[in-house]
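Got some structures for you, see below.
Below, chain A partners chain B and then partners chain C, in two separate complexes.
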Partner chain A sequence: MNALLQDAHERFDPPLAARGLGHGYEGATVLRCINLDVAPGSVLGLIGRNGAGKSTLLRALLGLLEPTTGEARVFGTPALAMDDTVRQRIAYVPQQPEALAWLTVEQMFDYLSRFYPSWNHAFASDTLARWQLPENKLLGKLSPGERQRVELVRALSSEPDLLVLDEPAAALDPVARRELLREIALRAGEAGITVLFSTHIVSDLERVASEIAFLHEGRLLLHCPVDDTKERYARLWLPARLASSTPTSTLSRRSHADGSVSVVVERDAHGRWPEAHAQPGVRLDVLGLEDLFVEIAE
Partner chain B sequence: MNAATLLLTPWRAAPSGARWMVVVFYLLTCLVATAIAVFGHTATTWLAVSLTYGLGLFAPWAFLFPGAALLAKDARQLRIPRLERLAILALPAYAVAMLALPAAVFAALGWPLVKPMLVWTLVMAGAFAFALLPRYVTVFCGFLPTLGNALAPGWVRLFPHAGSWPTWTIALLVLLLIMIGWRWHGFIRGRISEQGWSSPMVVQLRYGSWGAWSQMQATGRLSLMIGKGGGQVDGCGPSRPIRSLRMALGGWYTPRSWLHHVQQMGIMLVLISVPVGALLLAHLHDGGASSRMSGSALLGAVFGFAAMASPLVCLLSWVWLSRRWQRVNMELPMLALLPGLGSNAMRKRNLLRAALTRPLVAHAACLGVGLIGCHWLTRVTPLIGVQVVAITIGALATTGLMLDILGGKPHSLWTVAPLLGAVFVLQNVGLVVTAMLGSNHAPAHSTTMLAVLMAGWILLAGWATRLALAGWRALETRLQPFVANPA
Partner chain C sequence: MDASLLTIQPGSAEPIYRQIVEQLRRLIAGGQLGAGDLLPSVREVAAFHAINPMTVSRAYGMAESEGLLARLRGKGMAVAATTRPTQTQAQRLALLEPQLEALSRHARELELPADVVLRRLGRLLEN
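Presenting the complex of A and B:
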């Protein structure tokens, strides 16, 4: 009975969840009341400009910082009170990793493998060789790209159920980036692991993510499947005489010097654009993911 | 190019911390030299003034003006020859100014000129060479006075026709200038690396351990702590959490192989053998007449080591740990998510043991060295008491500072520096006072000094205890201990 309850519990608890999560540094608010559920088996791409709060959100979700408000949960357990069974299921790669710089790659893998019961030694050594990473070199002496790839191999070797990557492709060359994305897609597709990664490279997100979350100035502006963003958002330009008839529900709003207004709007539940778009002189441009990002973030 | 630009160039090339520290030191020595000149009325007043001023010259030429080498190198790499020329020309300009002004004063007072100017030039060149020479050479600079004393008699015998001291001073000066030219040339052309033991000391200005005092714990270079042997991973794992945590803390916490320890011991012995060898040379030279002096020097070295090492252990532990707890992309996220280290309560307990054991053992070793030194003294009880109290307070300060880091309430250098300064001063004053108490001619007021010392210790112990308690309470309230304290 307990096993059944445990199984049901695990099945219904999202790998990551945030409720009212807020955080700030030295008086500046970085995260504002974030509510987020990451569905099991999904690949969620967290997108936002530099300084939007992506890294802080990932760290708060994993219990690596104490949020000022709200709570984060990992597989149903409070992130700040995880036990070893939960920890075994998580792998995290920070942006510009610098851990254990005094060890060689081989020593770091030897060290970490002792803590993970399901450590995949064969995968580790094969991938290190395939990605041409020197096993006998000190981690502190690797280039940033090599270092990031080593950390990615380390994270994948622990066979996690939840993989959290902070700007994983930032220091990678195009070949390494493509290999990484392929690996993520493979893991998510075949092993069903949940992946959350932050990025500001829209093409990476389109290639691999099943869901997208857009963080802007500490606020989660949207969270939806990537497919739903296609043909769903548009830039609506209204001339100065119609500026007062701007739709009330918009994702961003920009006023121009000539009095005209640009807003980002989305289709309603029935797939219709706001009524204002049908007025003469109004222009509507459907936005792709990258344009949407630029429109909102600018 | 005008005079103001020329004079401001090395000033702008140095970190602000180094600038002010150096200027304050230089002005203080100038003030002291002026006071000696005004109030001294003996035949050798000029000598005291010139030596004091010479001492003041060391700081800018060792820690401020060498920044021009970094500027010249950068200017060369950025293809800005005008800036490179400025960096080079600023040095003789400052040298002339710093020689001409006191020389004018000496001339006005009718004091000897040649010898002081030679000494000052030698100090400037020596300090500049100190900044440009490889680090493995400068390690031995501290032993130069001892070596000089020990080798002086032999020198005369080896070079009986070396002449009077201005002759060899000029020879030494020429040698230093050649070395400076060689190192400068190699450094700004990139032939001398900025990494490793052969790099010049001046690269410390670039990497922050000189001058950027307030950022010391953030920018301390990791390369110094990376041993070629890495760590001894064998034995780490969930069954030995403390050893595993030590591996993740790095630096001097890292479990090492026996071979590594033997290597380190060998380096230490080589370093110690220089002053001991010098003392031995002196002893052999005068047939034991100076054995008492040598013994005193050795005793002084032992107590000096104990007095220096204890605050240093505290400082290094604080620097290392606060750096690890400042960065969000180092070991903390890995440790926070590492399975096998038990519940959060166990993690806190094991972390405390891993983080504190090594510094506390080091403090105990300092005490041991001090006690060995006491073996040669007749009235040792007060000295042992002083050593025990001083090092216990040092250990308490270390514990307090480290608990504050682990508890998420780290202190800045502006809190840590006065605390460690107080530990250092009280420890040394304690040595002096107890030496006075132990002597056959103890001054009448030594008991009063001891009372004042005790009061100082009580205050310091109170301060350290307060820090430790605050840190402990903060750590208790932390849900998990591996949370970073971003700067």
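Presenting the complex of A and C:
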């Protein structure tokens, strides 16, 4: 491929794309018809309850498992048919890394650095030291938390164009977590790398994500800029006597024991809330991301 | 100004870019920031608070369009020389919007008719 064509490809092919992506294990459906585009330079935070299908979605997007329906593409290449030039641009950290357990940390870094032309040796050794990771210990002997920290350093050291992290916060103390978030935010904002990470720690997302996606029971319920979650959606609470005038198009609906109803509503194309919000006795509350997620996912 | 002067609350129902603009507005109104004071770069704010640089850019852009900040060539953002006179009436009214929204909401919750509330507000404004 000549340079011009390659350029055009990089400009137009989103780092990640899914069309009708579905997956299931032993008769149970885990992902249902996921359509998703992740734009270059964005930081997409994937929120979902345990078992919502987050890990499966990340793996399917990267071609680490074969979907039962649909297709995933990475930088325009079918995820199941990536070559080394595409793989070099990606770093993925699973929740429970297991590969290369017989190597020491130092040996793994030495080995992997040969596959990545832009491997950042200085970053690797600095961060391993700062995160108190013993370079001479066997990977298989590390605690699960240490193991995931090693993998995070490994992923960042390869200077990827696309970084995919599955629940990265779990293994980190608050100081290291802040440091990881800073690294994600600055690399996305300045180097233009694309980041996808799953979490159920919502405050992490609010700091660094440019977009969020809610995954619930294998479906994408919402995918929007993170500020929209606070400016475009709100919870409308109607007392029992007004329950019948609840707007019909809502993202969720909960009936309470006293007959009152709360629903999640969206502004229309002109930025207006549904008419019902102006009635006496009705409350409209702007929600934080966590509350919005709980409202929708319950 | 140092990036540590800002407080970011990720869990708040107010988007982070708005939190930044509101704090700048208050710091300027309260005199902690004076005309010509330089602001920390987008990168410094993003790195200190571990937030997305685009969020900081958006906040600075909004503060600039409101006349709170001015872009100095080669130096970055600074507090605008004359904040007050450059603001139109509409811009100054916009500062009241959150309070007006809260007032309207409370009035509705108390099931008070609009004319009663407006009469009372009118009297308060005249004094």
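Keep this in mind: the second predicted complex is superposed on the first by the 295 of 298 C-alpha atoms of A that agree within 3 Å, B and C clash if a C-alpha of one lies under 4 Å from a C-alpha of the other, contacts with A are read in each partner's own complex, and residues count from 1 in each chain.
Going forward, a contact is a pair of C-beta atoms (placed from the backbone, for glycine too) under 8 Å apart; a residue touches a chain by one contact, two chains touch by 3 or more.
Worth saying up front: this structure is predicted, and the values here are computed from it rather than measured.
Residue contacts after overlaying the shared chain place A:L287 against chain C, while chain B stays out of touching range.
Within the superposed three-chain model, A:G63 lies in touch with chain B and out of touch with chain C [touch as defined at top]. By the document's definition of touching, of the two partners only chain C reaches A:R207; chain B does not. In the overlay built on the shared chain, the residue A:W102 is in contact with chain B alone; chain C does not reach it. Residue contacts after overlaying the shared chain place A:L181 against chain C, while chain B stays out of touching range. By the touch criterion defined above, A:E190 reaches chain C but does not reach chain B.
In the three-chain superposition model, chain A touches chain B and chain C at no common residue. The part of chain A that touches chain B in the complex is made up of residues 25, 55, 59, 62-66, 80-85, 87-88, 90-92, 94-104, 107, 110-112, 114-116, 138, 140. Interface residues of chain A facing chain C in the complex, by the touch rule stated above, are 43, 178-179, 181-182, 185-186, 188-190, 202-204, 206-210, 226-227, 230-231, 278-291.
Considering their complex, residues 222-223, 225-227, 230-231, 233, 236-238, 244, 247-248, 250-251, 254, 327-334, 336-344, 478-480, 482-484, 486 of chain B touch chain A. Listing the residues of chain C that touch chain A in their complex gives 8, 10-17, 42-43, 46-47, 49-55, 105, 108-109, 111.
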